[in-house]
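Paired with chain B in one complex and with chain C in the other, chain A is shared by the two complexes that follow.
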Partner chain A sequence: MTSTSQAPRTPGATGGAGTAAGKATATGRRRLDLLPYLLVAPVALFIICLALVPAVFTVVQSFFRVSALDPPTRFDGLGNFTRLLRNDAVVSSLVNTGFYVLVGVTLSTLLGVAIAVVLQRPFRGRSLVIAVAILPWALPGVVEGILWSGIFDPSSGLINSLVASLHLGSGDTLLLGQHRLLTIALIELVQVWQITPLSALLILAALQLIPAELYEAAQIDGCSRWSAFWRITLPLARPGIAVAMVQAAIATLNVFDQPYVLNGAADTGASVMMQTYFISFQNLDFGQGYALSLLITLTTLVISFAVVRLVYRKVEL
Partner chain B sequence: MRTRTPALRWSGIVLVLLWSLIPVYWAVKTSIQTEADARSSPAQYVPTRPTLDNYRALLTGSGDVPEQIRRASLNIVIECGLATIVTVVLATLAAYAFARMHFRGRNLLFYALLATMAFPAYTTLIPLYRIMSSLGLVNTYTGIVLVYVSGFLPLATWILHNYFASLPVSIEEAGLVDGAHRLQVLWHLLLPLARPGIISTALITFLFAWAQFLFPLVLSSDISTQPLTVVIASLQGRHVVPSTLLNAAGVLAIAVPAALALIFNRYIVNGLLAGSTK
Partner chain C sequence: MPKQGSAPAARAALSRRSALAGATAVLLSAGCGGGSGASSGGSTQTSGVTITVALAGDPLPQAALDTFTQDTGITVKWVNLDWDSLQTKISAAATANTYFADATNVDWSRVGQLGRLGWFYPMESYLDTDAMAEDVPQLASFSTDGHVVGIPYDASFMVTTINVDMFTAAGVDPAPATIEEYTEALRQIKARGIVEHPLNIPFAAAEGLSTYWYETTAAFGGSVLDENGEAQFTDPDSGGYRAAEWMVGALTEGLVAPGSINVTDSQGQQTLMAQGQVASTFSDYSGTVGTLYDVPASSTVVGKVRYLPTPGVDGPAANLSNPDGIGIPKQAKYPDAAAKFIEWFTSQQQQTDFAGVNGPEKAYTGYPIPSRLSAVQAMTSGGNLVQGDALIPMLEKSRPVFEGGAPTWYPEFSNAVYTNLHAAATGSMSVQAAMEGVADKAEQLASGS
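Entry: the complex of A and B
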């Protein structure tokens, strides 16, 4: 609506793409030019109506009591937030999500650096290896949960089978749902599987910018490959690592698919996003759902900003 | 020292391949086993009596589960296809304007667009559900596609903007001097040059749409619009569906994105890097 309201101000142009097409030639550009507005209008409409307005909704309504079971909607101050913090399931999901973020960001960054270093120099078949390496990124998280439930299965899963075949133990350990930290670490491993390819690509892109002469000079100066990694590769990869860590932090803070599929609603692995879903769409308490979404969003923004401040350094070569 | 590296690097490469492929292999392996073989403990690492019965059951069999899987496959193709087409067309038009035209409010609009990318997608989950619900668009393709498009437009516009901005202005100027209209220039001169960027954007959008779970879970309560991801998760939750059949369904659900990722990996890599470097 907002962008099309410009239309009547231009005399002669009736706003249709057909009429504008006849006039706005290179020479006619001095007049108020409608074409760019027409081109961006659909995107602007989508973003305003289905992103900005809903985002404002989330912020405002988190201070209101909005519940299908307790109408009408009314102002409630910080009521939603205090109710959330008194809810044990929510508090436990906050702790779980903290572990998801910690495990996920650490593992995906370490693995991302490792994979990027492996792929740094050209070799025969590198593009094929990159294609296989990005495969997990392209798959839906839900289905990845199904794939990995076969790995974690207590009797016929890959992990327990290997334990039994190698005579390391009985091979019937219940891996998920029993021990909280183990459950979270294994579920997060599945998400790490999904997000690491993008981390690796981002870090690899930063590594490709490092001139080979730098390594040659270091080698002539008697620098070992190990110290070249610490003194050249890592510092120059910082911008890539920062972006990779931000994407990992956003993904892990909002983790939903993997714990939902692998561990159901159980408190041992439920994430904040899962609690948001249960509170909003099973208890129909939208107010608390809004409040929890707002908390996740703010945390995401703060962590992303902090990572950029701490890790990102513009590299001048 | 140089001679030692290849062995180390090759073992690294093998580890990368194993890490990516083992879970996929395990699901494919389970999907071509009988339920009895799949339950043997310890597992058969290679199926001794491979069978395609599970796929046959899903693709041609009758019954609740196969029919849901087939309907959900149709749904996901329709939803992802429509969302991709709409996103790419709208993003191309806007990206062209943002990259090549000067107009009042351009920077404000562009930064607003980029700012929405910093927010996690689920920020708007509940309000989008309530908007779609009040418009009667729950359980419709329209509702799901509108939500997908709104979610994917910022990244798509950003990637295409960067792509257009990287093309030389001289091409366009030559076209404009020749008296072509700017839309003709876009259509005949820029689009052919921007084709790799458009393919990247379309692939990434399609893959994102294919992976969606929470949004369609909320926006579709019955099989009329539920995509494959939602149906597979609900089958898993029921615990009565045999694991071999579930894995066959899972393999069907990853077949399309896996094929796209393996065949078009160069476009995807370029698009992802164009979308993340700022």
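Entry: the complex of A and C
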């Protein structure tokens, strides 16, 4: 990239500070310099008012007893946090959510990489395949929950029907609600189905930046396709993989629709976001709601930071 | 009670999530003063104003609203929100002390909570609720601490429905009058292969499971909580304990389909009962025969389902009420105008009109049973209430789930009820452990710890 030939002239460098022409230029430049700030101001104001101020407020209020049924609002130190950690339902939901994150991030990343690699090279109908593949991501979680509840139904669901017709079992197994790990795995499978397309696209975008010459050179050097995948594709896709993992972590930490539709409020699948809803809007204990929201936010930040540190690498091609 | 029949759980989940985000933003930005219940000091103007009425239902017929406007000078802006979103908005608006609506839903299950919070104007300040009480038996469900929080506008109560063809085919005649006869009849239906799983119990961990248990508890001659909020169901001989045992036992015995573990009450009605996959729902909603089972578009059992006096230990049991009411939030802009609307909306004349007694153009389809006995009687004599003769005695004897109103901590208690009963149904805990778990929660909540 070439740089411009002339350095910008500052008012002090005009040489004729008192000249009318110099003043006019300086005023014009000052106006010009303000323009970017003016343009950004509405969005910045929007973000400050609707994101930063409430975020700061949440942090502050999480240390206060804010309960509509127990006024007035008063300082409570770490009271909200200790009560949350003594609440069996909350602890159970934290464990459940941990499993959602583990299963969801792992599966969606692995599948995302696999799909991206398949879609990396042009082939006939690739655009159509991408369009179809993105559909689950576009569907609301509730709709997916309803779709999959039919698949998981113990009496007439697809899975049990297959099991019965293949003589692999009686075909009336209760898939959701009985065994905790199975319930979480199946619910998360539905969310993975939803978030994997975005992961695949993010990783695919990173793969598209890898020059074909690298693969050609590797091939000439006798590198196998598997080796090329390990030594070229994966390392160079790390920025995309990191972003995909972060978005998967955020989605799984905030999972609400799928467990609620598929398994109700049962302990076997309730997520921490569901508990936030129950505590805030059913029990009207907003202080604990703030505290739980803060915990989720901090967890999201920690996981995202860890992913970026461990996975992200700057790639210069 | 969350009306999952009108707001399916799935839709509720979607709305809950969006409502969660929106309401949190409102609360946060408003400073969340802790639910002062402070009045915004609305206008006393009752003419030339527009009021917002937010309910979980379709708008009233435009002609009726126009007539109301002509008579009073009050224009009504109707907002239709699903039940869950409505509750979230009520909480968010009251806590943030911001205007949301002039008149909105007061659900029976939140009466204690709303009464304590002082989020709604006492209705006795606006209407002659004493005079109303005789004609509106469910008004008691909306009274707490001597105040009427809302006026019931429908008479929803829990009833037992049976598919008569299936019971007859199993040789069950006359219809069962006790819970023992009822259970035996279900066994007969199963044994004869009429349907594999004759009983419908929505075991999903949702509100519908709690209300089902309350009604079954009453049928076993018990009550859920006493006036001090103490659990009445830990003794194995108590109605609540026996009800839970009966429900879980029905699942274990195969009277209830295994898939019912994930079925909500609305699914249970709309799929299992209306499609003829079960023979009976012990705790169904009043009005479902006319509004669902006898509607060809949504049912394959048209003309086959009827209400059965709910079988109890020694004969018909009481039917517990779970009506919807309407009240005036303290942030209302025009509380006096809203009161005029509520008076008109719940009047005998309007309820008769909405019930379709005076012509279909005045009927309000989302309105199965009026809250006024006089309107129900007019509906029945006009042939507008399907099986009204069976429903009226039940309505007359219906009683609140909690005498003296639902406790302030009802939502948390109900959550404990349905999660523990659900766990017992899945086999991950015993009935005894489930009852103890619910009782512990009740004790904890009642003691304020």
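Going forward, the second predicted complex is superposed on the first by the 272 of 317 C-alpha atoms of A that agree within 3 Å, B and C clash if a C-alpha of one lies under 4 Å from a C-alpha of the other, contacts with A are read in each partner's own complex, and residues count from 1 in each chain.
By definition in this document, a residue touches a chain if its C-beta (ideal position, glycine included) is under 8 Å from a C-beta of that chain, and two chains touch if they have at least 3 such contacts.
Since we're looking at a predicted model, the values are computed, not measured.
*Asks:* Should A:Leu110 be classified as contacting the first partner (chain B), the second (chain C), both, or neither?
*Replies:* neither
*Asks:* Answer with first, second, both or neither: which of chain B and chain C does A:Leu209 touch in the superposed model?
*Replies:* neither
*Asks:* Which partner reaches more residues of chain A, chain B or chain C?
*Replies:* Comparing touch counts on chain A for chain B and chain C gives B.
*Asks:* Examine A:Val129 and indicate which partner it touches, taking first as chain B and second as chain C; both and neither are also allowed.
*Replies:* It touches chain B, and chain C stays clear.
*Asks:* Is A:Leu176 in contact with chain B, with chain C, with both, or with neither (first, second, both, neither)?
*Replies:* Touch status of A:Leu176: second partner only.
*Asks:* First (chain B), second (chain C), both or neither: which does A:Val43 touch?
*Replies:* Only chain B is touched by A:Val43; chain C is not.
*Asks:* Tell me which partner A:Ala217 touches in the superposition: chain B (first), chain C (second), both or neither.
*Replies:* Neither partner.
*Asks:* Quick one: classify A:Ala266 as touching chain B (first), chain C (second), both or neither.
*Replies:* second
*Asks:* With the two complexes superposed on chain A, say which partner A:Leu310 touches: chain B (first), chain C (second), both, or neither.
*Replies:* Neither partner.
*Asks:* Which partner chains sit in contact with A:Val95 here, chain B, chain C, both or neither? Use first/second/both/neither.
*Replies:* neither
*Asks:* By the touch definition above, which chain A residues appear in both interfaces, chain B in one complex and chain C in the other?
*Replies:* Dual-contact residues (chain A): 49-50, 53-54, 57-58, 61, 140-143, 145-146, 149, 153, 155-156, 172, 256-257, 260-261, 264, 273, 276-277, 280-281, 286, 289, 293.
*Asks:* What does chain A use to touch chain B in their complex?
*Replies:* 17, 21, 24-26, 33, 35-37, 39-40, 42-44, 46-47, 49-55, 57-58, 61, 114-115, 117-119, 121, 123, 127, 129-151, 153, 155-158, 160-162, 164-165, 171-172, 193, 197-198, 201-202, 205, 224-225, 243, 247, 250, 253-254, 256-257, 260-261, 264, 273, 276-277, 280-281, 286, 289-290, 293-294, 296-297, 300-301, 304
*Asks:* Under the touch definition given earlier, write down the residues of chain C that touch chain A in their complex.
*Replies:* Listed in rising order, the residues of chain C that touch chain A are 9-11, 13-14, 16-17, 19-20, 23-25, 27-29, 31-36, 87-88, 91-92, 94-95, 113, 116-117, 204-206, 257-259, 261-262, 264, 408-409, 411-412, 415, 418-419, 422-423, 426-428.
*Asks:* Which of the residues in chain B end up touching chain A in this complex?
*Replies:* 1, 5, 9, 12-13, 15-17, 19-24, 26-27, 30, 38-43, 45, 90-91, 93-94, 96-98, 101-103, 106, 109, 112-113, 116, 118-131, 146-147, 149-151, 153-154, 157, 176-177, 179, 181-183, 207, 210-214, 217-218, 229-230, 232-233, 236-237, 243, 246-247, 249-250, 253-254, 257-258, 260-262, 265-266, 268-269, 272-273, 276-277
*Asks:* Of all residues in chain A, which touch chain C in the complex?
*Replies:* Contacts found on chain A: 49-50, 53-54, 57-58, 61, 66-69, 71-73, 89, 140-143, 145-146, 149, 152-156, 172, 174, 176-178, 256-257, 260-268, 273, 276-278, 280-284, 286, 289, 293.
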